[in-house]
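Please go over the structures that come below.
Here chain A shows up in two complexes: once beside chain B, once beside chain C.
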Partner chain A sequence: MSLLEVDSLSIQFGGLVALDGVSFEVEAGAIMGLIGPNGAGKTTVFNCMTGVYVPTAGSITFEEHDLLQMQPHQIIGTGVARTFQNLELFGSMSVLENLLVGQHSSMRANLLDCLLRLPRAVNEQRQARDRAGEVLEFLNLSEHRDVPVAGLPFGLKKRVELARALVSSPRLILLDEPANGLSHEEVNDLIELIRSLRDEFLVTVLLVEHHMGLVMAVSDKVSVLDFGRKIAEGTPNEVQQNPAVIEAYLGAPRAQPE
Partner chain B sequence: MSIVVVLASAPPWEDPTLFAQQILSGIASGSLFAILALAIVMIYRSTSVLNFGQGEMGLFGTFIAWSFMTRMDFWPAFFLAILVAAVLGAALERFILRPVADAPVLNSIVVTLGLFIVFNGLSLWIWGSQPKGFGPFSVFKGAPTCVGDVCIGRLSIGILVVTLVIMVLLYLLFQHTRLGLALRATAQNRTASRLVGVPVGNMLSIGWGLAAAVGAVAGVMAAQSLSLTTGTMFAVLLFAFAAAVLGGLDSPVGAVVGGITIGVVKNLAGTYVPPEVGSVDLAVAFLVIILVLMVRPTGLFGRRAVRRV
Partner chain C sequence: MRRALLQPRVLWFSLLGVVLIVFPYAHGWPLFDGSINNLGFFTVEITEFRTFNLTMFGVWFLVVMSMNLLTGSSGQISLGHAAVVLVGAYTTGILFVEFGVPLALAVIVAGVFTGVVGGVLIGLPGARLAGPYLAIATFSLIITMPQILKLNGIDSLTNGALGIGIRPVEAPDFVNDVLGAVTGGAVAVDGRQWIYYMTIGTAVLMAVLLWNLTRSRIGRAFVALRDSEIGAEQMGVNVPFYKALAFGISSFYAGIGGGLFFVVQTFVAPESLRFNDSILFLLAVVIGGLGSILGSVFGALFLAFQAELISNLPDWIPGLSRVRDFERLSPVIYGSLLIVTILTFPRGLAGIVQSVRSLGRGGRNGALDLPLLSPIRGALRNLSAGLLGNSDSDGRGKKE
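This part shows the complex of A and B:
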């Protein structure tokens, strides 16, 4: 059984069919790309998986969990974390505080433990800080630890969001356009980073991205959406040569005169 | 011809004791506004709702405390009433405010105005219009403490201490507990909060419960200095709102500084403006607010929202 199984996922907004029977699977330990022209429904898939939208039909199974039966705040507890295309950070909190909130789902101390500074709360707090420190180190964010997030440049904010997803020790991470707004060099670093997410953090990666160079370089498998339907799936090579994909991106070739 | 300004009392340079006394009393009565302003700011920060019902919810809690006091001592009745107020506040969020949370902001304002009227009406209906004898109780009773000729009553000291205790407790809660961090996260970004596993609905209820508890404390302290009737909290609410706006609406520190500023200005106006002008303490307090807001539209401690366009 695959780590993630999305089966016949459909969602409509009013008369607009945003997803129409989309199915795909992600194997544990894979890096999978989800691509398609603007409005193809890529981010909508992420929003269905994390409980932001409720699909009209279909199922999403992560390990043994039926994600559609869960409240949005329960989903991270199963091991699914995500980043957003347009950042969703806690702006006036410091980088460290963002990473502490990021571990909310794995902390247990209650109010009394915290106010009375019971050992269990103190230990848990220290572990959370240590964990945040490791991730900050890994993403080269240590020097920004105590800075309010709102004042950081865009590229750093994106890394903070990734860090916040990573501190929860997810087994599947959903990256929504991580290369958006990055410079050429930063994209090269990102390729290495995504590989090390899998190889060092043992996280399976599902990636929505417009930057083809990035997607083709890191993905084991690529799924292509167009107007809410899956039109192709395969290795980066297979997908690049698929006529339906070329048509979706470049338009249909003109009928040749006979 | 010269214009002679006649003050109602001797000016500060001739009677510094009176001046010091009025400042001190102003700080004490301002603390009362500060407590209620804190409750208003807490709700505004976490839910972007201006709770016009905050004062009357506190009044209702104070009447509950009064009822408990017919059966027990002050302190158990005090804490029990706070607990009831907190549960009530959380229930109001869950069942009254949440259904209109996604509606335009005017709807929630109308709902909180409704809370004002409902809780005032309920208090009148249950406890009647006769003023209730209400304290001062236990430690808040006794001879004033004097340094030289400047004196401060036990109740005023009590209100100051209670304000400080509330501030310290809120600070510890918000800065040093997991719950506080989750409450702050919810106030800033609900989508992201849900994503990292914060049960946002519960946080909103807890936020309202906390604010209602703080509001009930304000009511109990106000009733001891002003007596307990269904009109007790109205003036306090006006000044508390002014304090919250002066402080910047989303800043707890601003609420306290705003409350104390307004308390002092109000007292000084009451002391020095001649009686023929009329009772101007309210007008002068609001004049100060208008002047401050002209210079700093976001209030003394408010954050300016910057949006990239």
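This part shows the complex of A and C:
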């Protein structure tokens, strides 16, 4: 059984069919790319998985969890963490504090613990800081630990978001356009980084991306969406040769006169 | 450990503690009775009234902390906080007068009751309402509260429009017995001093609790949902629950503040706190500094001394004394103060202090725009730019 199974997922916004029976599977330990032209429904898949949208039909199963039966805030507890296309960081907080919020769901201190600083709150806070420190170290963010996030440059903000998702020790991480707005060198670093997510952190990666170089370099498998339908799936090579994919990106060749 | 005791912060807090403890007795000392010019250019005179003044500061400190947790930290704007404070004051009064509950216990029970009422009846439904809609809903709360308190069915408890009054509190006998035995009869606590200590003590204790809370997972969840609701939700914060929790804790603080308000004033009536006061609370939070305890201190100082400040203005600003009914212009002054604060130092007086301190350390000036305020700032910028015919009217209110 696959780690993640998305089965005939459909969602409509008014008259617009954003997803139309999309199915795919992600194997544990894989890096999977989800690509498609603008408006194909890639981010919508993420939003259905994490409870932001409620799909009209279909099912999403992560391990034994039926994600569609869960409240949005419960998703991260099952081991699925995500980043956002348009950053959703906590701007007034420091980098470290952002990573502490990232561990909110695994912390247990109740109101009394927090008000009185009882041992439970103090201990788990110390552990959370240590954990955040490790992730910051790994992502080369240690020097920015105590800086308010709102003042950081865009590339660093993206890395902080990745750190915030990673700090919850997810088994599946959803990256929404991680290469968006990055320079050429930064993309090369990102390729290494995504590989090490899997190899060192043992995280399965599902990636929505427009940067073809990145997707083709890191993905084991690529799924292609167009107008809410899955039109192709396979290895990066297979997908690049697929006529339906070429048509979706470049348009159909004009019909030859008989 | 010994080095920790010598930290400037510890020294300052100790000094502040000593000042707060001896303050109610200072009016009797020759240094402060106004007979000598002890600062060279300015005569410091501490009258007995100042003890009452500072007691009210303690009450307002609790109220502003309450407001600051709600609006500053969790980003929910309430225009009806005066109503929540009234609930605390009335609950204390009813428990004491009708049910004979000891005053100290009555205040605590009133705090818990107000917290539950605020969290469940206002916070839970309010969690579904975004910014301005919550403000409107809470606005209706303060408008209807006096009428609710005057309802015929419950006027046997609330005493209708007349309100509830008690005799001023006296210090318990055992306190004076002990003090007398220890100091050989040199020191005694009268009722006014006793209530001062109780109020300031409660305020300091609850400030410490709030300080702890803001540095815990719960306090961070409040700020997180203010900065990015969807981000917080996806990180595992149950947003509606935490919004209601913020309202509940805030109401608890407001309830304790209201209870002490009643004890200090010895009286509460349906119109004791009105819509105006709600606005003043909000103003105090913004001027003091959103989301920090220091900001609440400044906000409470503002509330405690604003009336006196306004009435003293004609002495300082020449020509103002010729304006008839000058005091009635106070809303204009408050409004201007609010606009100037939001435009020039959005993090309030506490923000100025923090900036100065970080400059002193050679650190970066962390003048952060609070996401909560930036839309308001943008709107005000556009307005002022329009009025001045200035073409530079880009709101600069965007988040990123």
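The rule we apply is simple: the second predicted complex is superposed on the first by the 256 of 258 C-alpha atoms of A that agree within 3 Å, B and C clash if a C-alpha of one lies under 4 Å from a C-alpha of the other, contacts with A are read in each partner's own complex, and residues count from 1 in each chain.
Simple rule for what comes next: a residue touches a chain if its C-beta (ideal position, glycine included) is under 8 Å from a C-beta of that chain, and two chains touch if they have at least 3 such contacts.
Note that the coordinates shown come from a computational prediction; the quantities given were computed from them, not determined experimentally.
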Label the relationship between chain B and chain C on chain A in the superposed model as either fit or clash.
clash
Contacts of A:R126 with chain B and chain C, given as first, second, both or neither:
neither
Touched partner set for A:G102, first chain B, second chain C, both or neither
both
If you stack the two complexes on chain A, which partner ends up touching A:L116: first (chain B), second (chain C), both, or neither?
second
Using the superposition on chain A described above, determine whether A:G77 touches chain B (first), chain C (second), both, or neither.
both
Looking at A:S168, would you say it contacts chain B, chain C, both, or neither? Reply first, second, both or neither.
both
Should A:G151 be classified as contacting the first partner (chain B), the second (chain C), both, or neither?
second
On chain A, the residue positions that both chain B and chain C contact, one per complex:
50, 52, 71-77, 81-82, 84, 88-93, 97, 100-102, 104-105, 107, 109, 111, 114-115, 121, 164, 168
Touching residues of chain C toward chain A in the complex: what are they?
209, 212-213, 216-221, 223-224, 226-228, 230-239, 245, 249, 291, 366, 368-371, 399-400
Using the touch definition from the top, list the residues of chain A that touch chain C in their complex.
50, 52, 71-77, 81-82, 84, 87-93, 97, 100-102, 104-105, 107, 109, 111, 113-117, 121, 125, 148, 150-151, 164, 168
For a test of understanding, state which residues of chain A touch chain B in their complex under the given definition.
50-52, 71-77, 81-82, 84, 88-93, 97, 100-105, 107, 109-111, 114-115, 121, 164, 168
Quick one: in the complex, what on chain B touches chain A?
172-173, 176-179, 181-182, 184-185, 188-189, 191-200, 303
